[in-house]
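Paired with chain B in one complex and with chain C in the other, chain A is shared by the two complexes that follow.
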Partner chain A sequence: MIRMPFKTLRLMMYVFIGGYCVFILTPLSWMVFTAFKKRSEIFANPSGLPSELYFGNFERVFSSGIGTYFLNSLITSVFSVTGIVAISTLAAYALARIPFKGRMWVYMLIVASYAVPLHAVLVPMFQLLDGFGLLNTLAGLILPYIAFGIPFTVILLYAFFLEFPKDLEEAAKLDGCSQLRTVFSIVLPLSKPALLSAAIFQVVFVWNEFLIALLILTSKGVKTLPLGLTSFQGQYSSDWGAIMAAVLLSALPIVALYLAMQKHFVRSLTGMGK
Partner chain B sequence: MTVLLEQESAAHRATPSSIFGTSTIFGWIMVLPALSLFALFILVPFIQTLIYSLYKFGLTSPTKQFVGFSHYIEIVQDDVFWIAFENNIIIAITGIILQIGVGLLLAAILDRGIKRGKSVISAIIFMPIVISTIAIGLLWRLVFDPNTGMIEELFFNMGWSTPMRGWLGDPDIALYAIIFVGFWQYTGFMMIILLAAMQGIPRELYEAAKLDGAGPILSFFNVTLPELRNVLIVCVLITVISAFKVFDLVYVLTSGGPGNSTQVMGSYIVQNAFTIGRMGYANAVSVVLLVIALGLGLVQLHTSRRDK
Partner chain C sequence: MTTLTISNLCKSFGDVDVLHDINLAVQSGEFVVLVGPSGCGKSTLLRLIAGLEDIVQGTIQIGERVINNVEADKRGIAMVFQSYALYPHMSVEQNIGFCLRVARQPSALIQEKVQDVAQTLQIKPLLNRKPGELSGGQRQRVAIGRAIVRDPDVFLFDEPLSNLDAELRVQMRLELMKLHNRLKATMIYVTHDQVEALTMADKIVVMRDGVIEQVGTPIELFNSPCNKFVAGFIGTPKMNFLHGHITSVTEQRLHLDLGGGIALEIPNRWHGLDAAQQGKKVCVGIRPNEVSETKHGLSTLQGTISVVEQLGRETLSHMMLPNKQYVSVLENGQHFHDVGTPWTVSLNPEAIYLFDEREQTIALTKEFA
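So, the complex of A and B:
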């Protein structure tokens, strides 16, 4: 086996991982630089720093309606994630704590559905939403997002509720708390970190979802950000300054949320690997 | 994923304390909202996909004509389907090598190799994952752009030649350009999962290996890798399943082109259903994808059960 002084090895590891960080950050910084460059400068000097901060790209993007896309994404995310977490919490708690008949069947069904890819139900889902008259509405987006967010969230919260100390609930019961009150005043407040992890994971999913949005939303007023980005691309073709300004604006909120809530987010992801 | 089975068997062993008594109605009321949405948007469409793959119908012509298994026979003879299928397989295999291989290396370095800057480094490497694939795809279209792209500039400065039709315009190269972007965006995901698993390895094992005279590289192969076996299997399955689900990146980078060289099953389903308007045929391709996905899901269940 290779033997080398640990110092040399450690140095090599710093160089490798440092190089990898540069590999990740370089395209991201190009995005930021390009967003602040004039068109002529993008051609003359693609990868350098902008010679002056130019805000014209952002002005163009705002005047073609990124604000609407932004608002649509925000509304969709808030309603979808609230729905996912509320509905999944109820289901996960019942599955983990209430010994009702058929419980295992419900759980197995939810676990199995987690393996069903969205593409495989696309055509009937489109027809269903069409039948409800929900094409080109945000509700037509929010309902499937909730449905597809439920399996993963139930699985995550089910694992959490199984480990939740029973003594607390029993103590509450002895104190005369009703079933519902125990859930709302004891269990839920203590489950905040788990609920937050689940919510953040779904915010990232909903904020970035593209396929359902592509099929359901065709009129401009209801488009969400990822869809809006592709229409900017069609509209501006090679106006990379405007496109990168839009990309930057769409990524900023979610990156900020990620940086603020990194621990919660990583926790929900590592649950998948356990 | 194996956590599910663990929990499930735990639930079998110790039935949840019946502090509320058996309250079947209460239980069903609580799972009802989840079940009804789930039935409406996943279960029923799932069954409809199966049934309507046997019918011929279009987006605008709602009348359905029964055609039996002819769509499935057509799939077997459809060259574009096989290109798409092969591309999914290539994406899966390269994903296993690149994303898991490099993810493992990065995780090992973060776990035991270096001491300073760990949280900043993992935050950076993970960052592309939270950004939408559409945004990432547009960014890389700029990077690959033959006129203003940075790769073009880099290759020019180095004196290297670049493909005539551009990175995304050459049918032999475009798929690998897509794979490269996927590698750039998702390797951090594997890194985080593997890092979490590595941090769960008891430190005594490393101490023992050290007493036996093993250096850091040897103990990676003798301690870390064997301990990670189950997690690595899960990583492989996650990578393969997501390789078969890929759509956004292909859509934004090449839309399946040039020709059909970067078509994948996901984009082929969408193209058939919503561009060409052959919804029955799209359903049949969906069923093939469904069988693959459920098959992989079963493998996942089986491997995690065997480990118990």
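So, the complex of A and C:
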């Protein structure tokens, strides 16, 4: 191996990262700029900064009912993620700590179900939800989201609970805690980073999910943001300002969450939430 | 009055037998120290008593009550873990009071008890801190506080001082002994540390491979170990062992061949050692402080000095015999022996132990015992 001088290596890394940032940020900044431009300016000056901050695009977006989409997305996310984390936590803890017959098989099954592609089960899932009369309801969206979120979250939390110091749980047992009390008083408060990162993963997935939503939700009142955005595209086919404003608004909560939780998110990727 | 009685206790994990037929009675208020090599089952025994492992075979009683199937928190036992196992997300106050809160005691009472314990252990200023903000010694105190607050019949300690530095260990050792005197509680204490075992114990239990080898006061174990293992385990520096066989026996004298042409002549003080024992394999045990340069005429050994350790108050020299066995010699004061020079030492005949081929101690005749 040829040893490169340290400086050269660093320079190359900066060039690479710089190039990558330009690649990622160009469309994003184009989106942000366009959202604040008047229609005439969008075409006259497509790539530059807006000459003045124009909020007309946002006004049009708000008046066309993006609020409903927002609300639907919010409800879906909150219920889905709460469900995923609650169920996965208990499942992962049981798998990691309670010995029972076939425990490894259950775990393997969960791991295997993580590998099942969404597209393979779309049709049966649709029929199932239809049978339960859940099409066009948020519940019909939340349940599949929970089902799809559980395997990955269980795997993540299982690894975390396996490494959880046993001493603490034993001390709690001596202090008179039942197993459930131990989980709630000792294990969960100390698992916050892992739980948070699991939750963030799922929020991002659920908030942006498009395919299942497209399949389940057809009436306007129940649509979530990603679906709403596509209908905008149809509605305002040439109103790029409004479209960009809507996209910007829908991305904003996730970006904010990302920035607020950045530490946990990165940690969860690098070290299973530790 | 007996507090804790362990009868015929066995424990295995899968195919691995960890404890075999343990029998032990601990008196009320006694300080019992469990010692033994790593992996001999000390922690397992403690965890069985605490209720952290299931008892499948044998019984454990506290007073008259069999506690095999009693929940861990109802046994009247408190345990201090080697890692302290303090709850990192709770303050010291919450840590100590946790078991009372779980038991739904009124908060005024909890407050009072926690203050009491904090007073006893002098950790009042620390009550609002989290365990992460404490030093090792302070954490140790909190862990002990968490045990005291439950007012248990029996305290269990699993190597509680092993994470502390030497100085703090000595200090905490003294405090634990004071605490024991004040609480008059029964304590069972696991340690690797010789000094801890000898200084703290009313009674030492020596374990090996899941079996209790000997139980006795520190002095009993030191003076009359029942076998070679206990003799080697109790006392520092370790007892010297010289392997050989008996060449001739008379009423007065015992002649041994240690191999490599070394003959050793010692006064015969042992019960049942007569001419019939000729040719038997034996092992001679002698503590390093009972070997010296002064001539007893009898029981002398010659070799070369190979290592000299200056301990300040004492000097520990290791001499190699021609048969490649080593003898350690502990002398008072500072001696500057030259490594590599020949040396003659003699064994104090009164302090010689003899072990048979099964490594059991051979008993002394009445007049010497």
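What we mean here is this: the second predicted complex is superposed on the first by the 250 of 274 C-alpha atoms of A that agree within 3 Å, B and C clash if a C-alpha of one lies under 4 Å from a C-alpha of the other, contacts with A are read in each partner's own complex, and residues count from 1 in each chain.
Convention: contacts are C-beta pairs under 8 Å (C-beta built on N, C-alpha and C of every residue); 3 or more make two chains touch, one makes a residue touch a chain.
Everything quoted here is computed from the prediction, not taken from an experiment.
Engineer: Between chain B (first) and chain C (second), which does A:L53 come into contact with in this model arrangement: first, second, both, or neither?
Structural biologist: neither
Engineer: Regarding the shared-chain residue A:P165, is it in contact with chain B (first), chain C (second), both, or neither?
Structural biologist: second
Engineer: Looking at A:R181 after the superposition, I want to know if it touches chain B, chain C, both of them or none. Which is it: first, second, both, neither?
Structural biologist: A:R181 contacts chain C only, not chain B.
Engineer: Check whether chain B or chain C contacts more residues of chain A in the superposed model.
Structural biologist: Touched residues of chain A are more numerous for B.
Engineer: With the two complexes superposed on chain A, say which partner A:T230 touches: chain B (first), chain C (second), both, or neither.
Structural biologist: It touches chain B, and chain C stays clear.
Engineer: Check the residue A:K173 against both partner chains and state whether it touches chain B (first), chain C (second), both, or neither.
Structural biologist: So A:K173 meets both chain B and chain C here.
Engineer: A:L190 in the overlay: touching chain B, chain C, both, or neither? Say first, second, both or neither.
Structural biologist: second
Engineer: Return the residues of chain A at which the contacts from chain B and from chain C coincide.
Structural biologist: Common interface on chain A, chain B vs chain C: 170, 173.
Engineer: Which residues, counting only chain B, touch chain A once they are in their complex?
Structural biologist: Contacts found on chain B: 1-4, 6-8, 10-12, 15-20, 22-28, 30-31, 33-35, 37-38, 40-46, 48-49, 52, 102, 105-106, 109-110, 113-114, 121, 123-128, 130-135, 138-143, 145, 147-150, 152-154, 184, 188-189, 192-194, 196-197, 215-218, 231, 234-235, 238, 241, 244-245, 247-248, 251-252, 265-266, 269-270, 273-274, 279, 282-283, 286-287, 289-290, 293-294, 296-297.
Engineer: Considering the complex alone, what residue numbers of chain A touch chain C?
Structural biologist: 165, 167-168, 170-177, 181, 185-186, 189-190
Engineer: Flag every residue of chain A that touches chain B in the complex, lowest number first.
Structural biologist: These residues of chain A touch chain B: 1-3, 6, 9-10, 13-14, 16-17, 20-21, 23-28, 30-31, 34, 42-43, 46-47, 87-88, 90-91, 93-104, 106-128, 143-144, 146-148, 150-151, 154-155, 158-159, 162, 166, 169-170, 173, 179, 204, 207-208, 210-211, 214-215, 225-227, 229-230, 233, 238, 240, 243-244, 247, 250-251, 254-255, 257-259, 262, 265-266, 269-274.
Engineer: Provide the residue numbers of chain C that touch chain A in the complex, in ascending order.
Structural biologist: Per the stated touch rule, the residues are 50-52, 72-73, 77-79, 81, 83, 85-89, 98-99, 102-103, 146, 150.
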